[in-house]
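Paired with chain B in one complex and with chain C in the other, chain A is shared by the two complexes that follow.
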Partner chain A sequence: MKTPEPRPGAAQQSSSPGDERAVHGIWSGTISFSLVAIPVQLVKAVEPGRVSFRLLHDKDYSPLVRRMFCPREGALVPPEEIIRGFEIGPGKYLAVTDEELESVSPERSRTIEIVDFIDLEEVAPVYFDHPYYLIPAKGGEKAYGLLAEVMSRTSKAGLAKFVLHEREYPVLLKSTAGALALITLHYHDEILGAEDILPPEAEVDEEEKRRIKTSIKNLLADFDPRKYADARRQRIIDLLKKKAKEQGEVEAPAVAEEGGEGPADLIAALEESMRRVKQQ
Partner chain B sequence: MAGRAIWKGAVHFGDLEVPVKLHTAVKENRIQFHLLHQPDGVKLQQQMVCAYEKTPVPAAEQTKGFELEEGRFILVDPEELEETEPQSSRLIEVHEFVKTVQIDPIFLERLYYLEPDASPKGYNALAAALEELDAAGVCTWTMRKRSYLGALQARGKLLRLNTLRYADEVIPVTSLGLRKFSLSDKELKIGGDLINQLTVSFEPQKFANEHLAKLQGLLEKKARGEKIALLRPRRLPPTAPDQLLKALEASLKQVA
Partner chain C sequence: MSRKLVEIAGKRLSLANLEKDLYPSFGFTKAQILKYYRRMAPFILPHLKDRALTCKRYPEGVAGDFFFEKRCPGHRPGWVKTAGVRQDDGELRTVCLVNDLETLIWVGNLASLELHVPLARAATPETPDFLVFDLDPGEPADILDCARVALILRDLLNNLRLTGYVKTSGQKGLHVYVPLNRPETTFEDTKTFSRAAAAIMEKNYPDLVTAKMAREPRQGRVFINWSQNDGAKTMICVYSLRAREKPYVSCPLAWGELEELAGQGDPQRLHFLSAEAVSRAEKQGDLFREVLVKQQKLPHLS
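On to the complex of A and B.
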């Protein structure tokens, strides 16, 4: 496996493409519609605002890292020895490689092919799952700009499917402030019916409805989510400030980077020695 | 059928109070994979490992810290953190109403269906009023020790509640560093014509998960010990900026 960190489809992880938490793209490929192809990268559009804590070892305050452990050998397993498996019976697994997964839908693994455009307002909010942004890769900037501008002017959105690891995502591409947003959708059959919880009497009290409509109109405003902040987050930040003042901070022992020296340093060292040889 | 009820509360604004139960609205259908150790196919477990000693650390020796910068932490007691939890309440407090079209889907997080938890008189009237005005109530509530922001909407006779992301959780487009490219009127015109030609009405029931069945097929084949033919994904060559107009014109010709 190439990436040691939790990834879409890894067991116990919710498998949305954002789980990789990469600074650079989560995925790279091409958007296509008709005869136009735009190279892009998929990046995250939202970041959970929860103040996040790290787990530490209480002995030395070293941060803890998540690693995979083999119960049979009683030892930690390096990332290159981790494979994906499908359970075919109790304790029996079928190993499946990334290449095999890509073979299931190769045409959708690197291409977001917009098959249809739709009027954005036709999509009920229930279908939306998780948002991302697409950013143009080198050479794709102009066609990207065109697609964003034209979808914005026409209030249209593009529909496509794409495959990341073991999952296929129906997606909607829309324009947002000059950028392209990609929002994964739920499949229609994943949306549950509500017939069983609807009110037993369907009758609407007209008088009551009129009264409610009046109060709604009185409270009508423009949507501005900036007005609302997570009160708990502020309380945690206040607590942290107080603790920083009262008890100070702790320091973890320094740890050498895993994987040792990178090749860049090696090349720099070689070049440096070459230079010295030449000078002599 | 709706998912099970997960919470009970009451929608509140002005002198209106509508008791409701929250139900989950989405159930994902997917194939679950596990992580295995390659040499022997043993299912792996996750463990928290000390970055310094490189050994697994049992839960009793774990503590929580907020990282100020690399390697420097403020320690926090679980009891103190608990004190920051919002006060529990059963009210879904509606602060204001907005036109539903104003809510950018980027803010939508998770959907719940609301079931009336008492006489449906208030419920029915509220659903009808919201539907007729095409309005959504911006509301806050506390559920399972977390404060939520949400949009209360109606669809037919049903009330639905969508949790919303807080504004500072959405990454602004300006941080993407996009450069503006000048587009000619002709490119915009033909691009618009092409998209209009390709527009259909949204029919989500037609959008099936074909991949799931294919993946199941692959797994069955593997389970029978058959060999899998590996197919490589192809990358399409990008449309060069000076070829864009030509590509748009050719596309339009093709679909018109």
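On to the complex of A and C.
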């Protein structure tokens, strides 16, 4: 039996209905190769199941924020006094500005241009970095379906370059259960060579070789990812349920936090800026 | 119906009902409206350029019915520049681009008193060129309260090394614009930033500010409407007339001026009529010029 492949949409449906980001794409644009152009949206394929905790002040459960601290001055450093430095030796730095970094960042792009089609088996799993799904946008459904079908039938995958969040990645486009998946790949330079870890050549004992073959054969099975669950996560959730029943929740002092969601660094920078506005 | 033929930049235009008073309780005819837009053209055109126009048309004047028109009328002259804008349902809508004086006058001739434009250009609909804070006072709060909020926002932004620019809405409130002009900005960025900033303002000035859309908390407070930072929303263009009892204008101000006028405590000083808006612009130049060119990056978004 073949393992049922995951499909885009399944994960999205299971997330909470109020979460707009689950439905909206992370990126939208066009897949293109030769004369074909397919409008698509990029969506998440995985949602790490980590239980996350917030850090609180123990005496009254106030949520804490991170600030930058200068040990030499013994004082907090406001965001506009923070720059980036590359360490070239002990205590020696090259200062690099946002503008300089930006000048070497790739231009944001609206296309995924497939430059090669390759055999899927050729790509060693060690190259796979992060998976996403592509879903067809209005008007692209037909060409999308065709590309997915042909790639699936021929076991081919498309190779492309893709810019996301100011970085350019080599990516692999493959068919999965009638849909298209996009997997960002590691650069060749990032892959650690396997030469050093290979065991030295040794004499092969035919008897032993046969025993290993038999053992493997006895354990042959289909890959069923549903068999594996994150046991620690489940135990944490059970623990939280038990505590919620026993002690109830603990309320933090009122901080008008509603609508204030946003990256923690942004909130901290705004808080700091506001603190200085009020001092003026 | 009376008609008058005019020629602008070699383009012929037939202007209708020029004597019609569209602001009857004040007295401001269509001829005066067209004259206003003609004199304001050097200032308003750069802000309309390449953006999908939404007209708010008042064929019977400000006291009559109005309608919004987003689609560029089919009876337009051949020289009116247009763009196709993809709708949510996938349909392509043809919109007018007011890129020259002749189009501005043609649009005005349709009794389009109010000119609204999106935060992104038609060719790059997902890239806002600026972030806006739409400050809307809930009675009994007024434009002076908006001025207080705008001045705090200015300082909040300055501490993050961002420069904002302020204009009156031409109605009751103020608009603070933060120019970005960077191709990688998304509406998600501007929404995240403006929502977080509005929440911080609300948290620190709970009696003055609300970031909530609901009616009740807006009473007596200034509502910071951050949700305008959206590809589907439009803002009244700077220098556009408003359809009120008098021809008020969405008028830019220097921060020092706002500080001074707010200090005088007379809300009326913060409402500018067409004639005053013209003389201000001709004397001071376009106080909103930087909004179109200044490049700034919103910090701490990733």
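To be clear about the criterion, the second predicted complex is superposed on the first by the 165 of 280 C-alpha atoms of A that agree within 3 Å, B and C clash if a C-alpha of one lies under 4 Å from a C-alpha of the other, contacts with A are read in each partner's own complex, and residues count from 1 in each chain.
One rule holds for everything that comes next: contacts are C-beta pairs under 8 Å (C-beta built on N, C-alpha and C of every residue); 3 or more make two chains touch, one makes a residue touch a chain.
Keep in mind that this is a model prediction, so the values were computed, not measured.
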item: Chain B versus chain C as contact partner of A:D98, first or second or both or neither; value: second
item: Chain B versus chain C as contact partner of A:G139, first or second or both or neither; value: both
item: Touched partner set for A:E107, first chain B, second chain C, both or neither; value: both
item: Contacts of A:K213 with chain B and chain C, given as first, second, both or neither; value: first
item: Partner chain in contact with A:A177 - chain B first, chain C second, else both or neither; value: first
item: When both partners are placed on the shared chain, which of chain B and chain C touches more of chain A; value: B
item: First, second, both or neither for A:P79, with chain B first and chain C second; value: second
item: Contacts of A:E166 with chain B and chain C, given as first, second, both or neither; value: both
item: Common interface residues of chain A - those touching chain B in one complex and chain C in the other; value: 107-108, 139, 166, 255
item: Touching residues (chain side chain A, partner chain C) in the complex; value: 28, 78-80, 98, 107-108, 138-139, 165-166, 255-263, 265-274, 276-278, 280
item: Of all residues in chain C, those that touch chain A in their complex; value: 89-90, 126, 152, 155-156, 159-161, 183-184, 192-193, 195-204, 206, 211-212, 297, 299-302
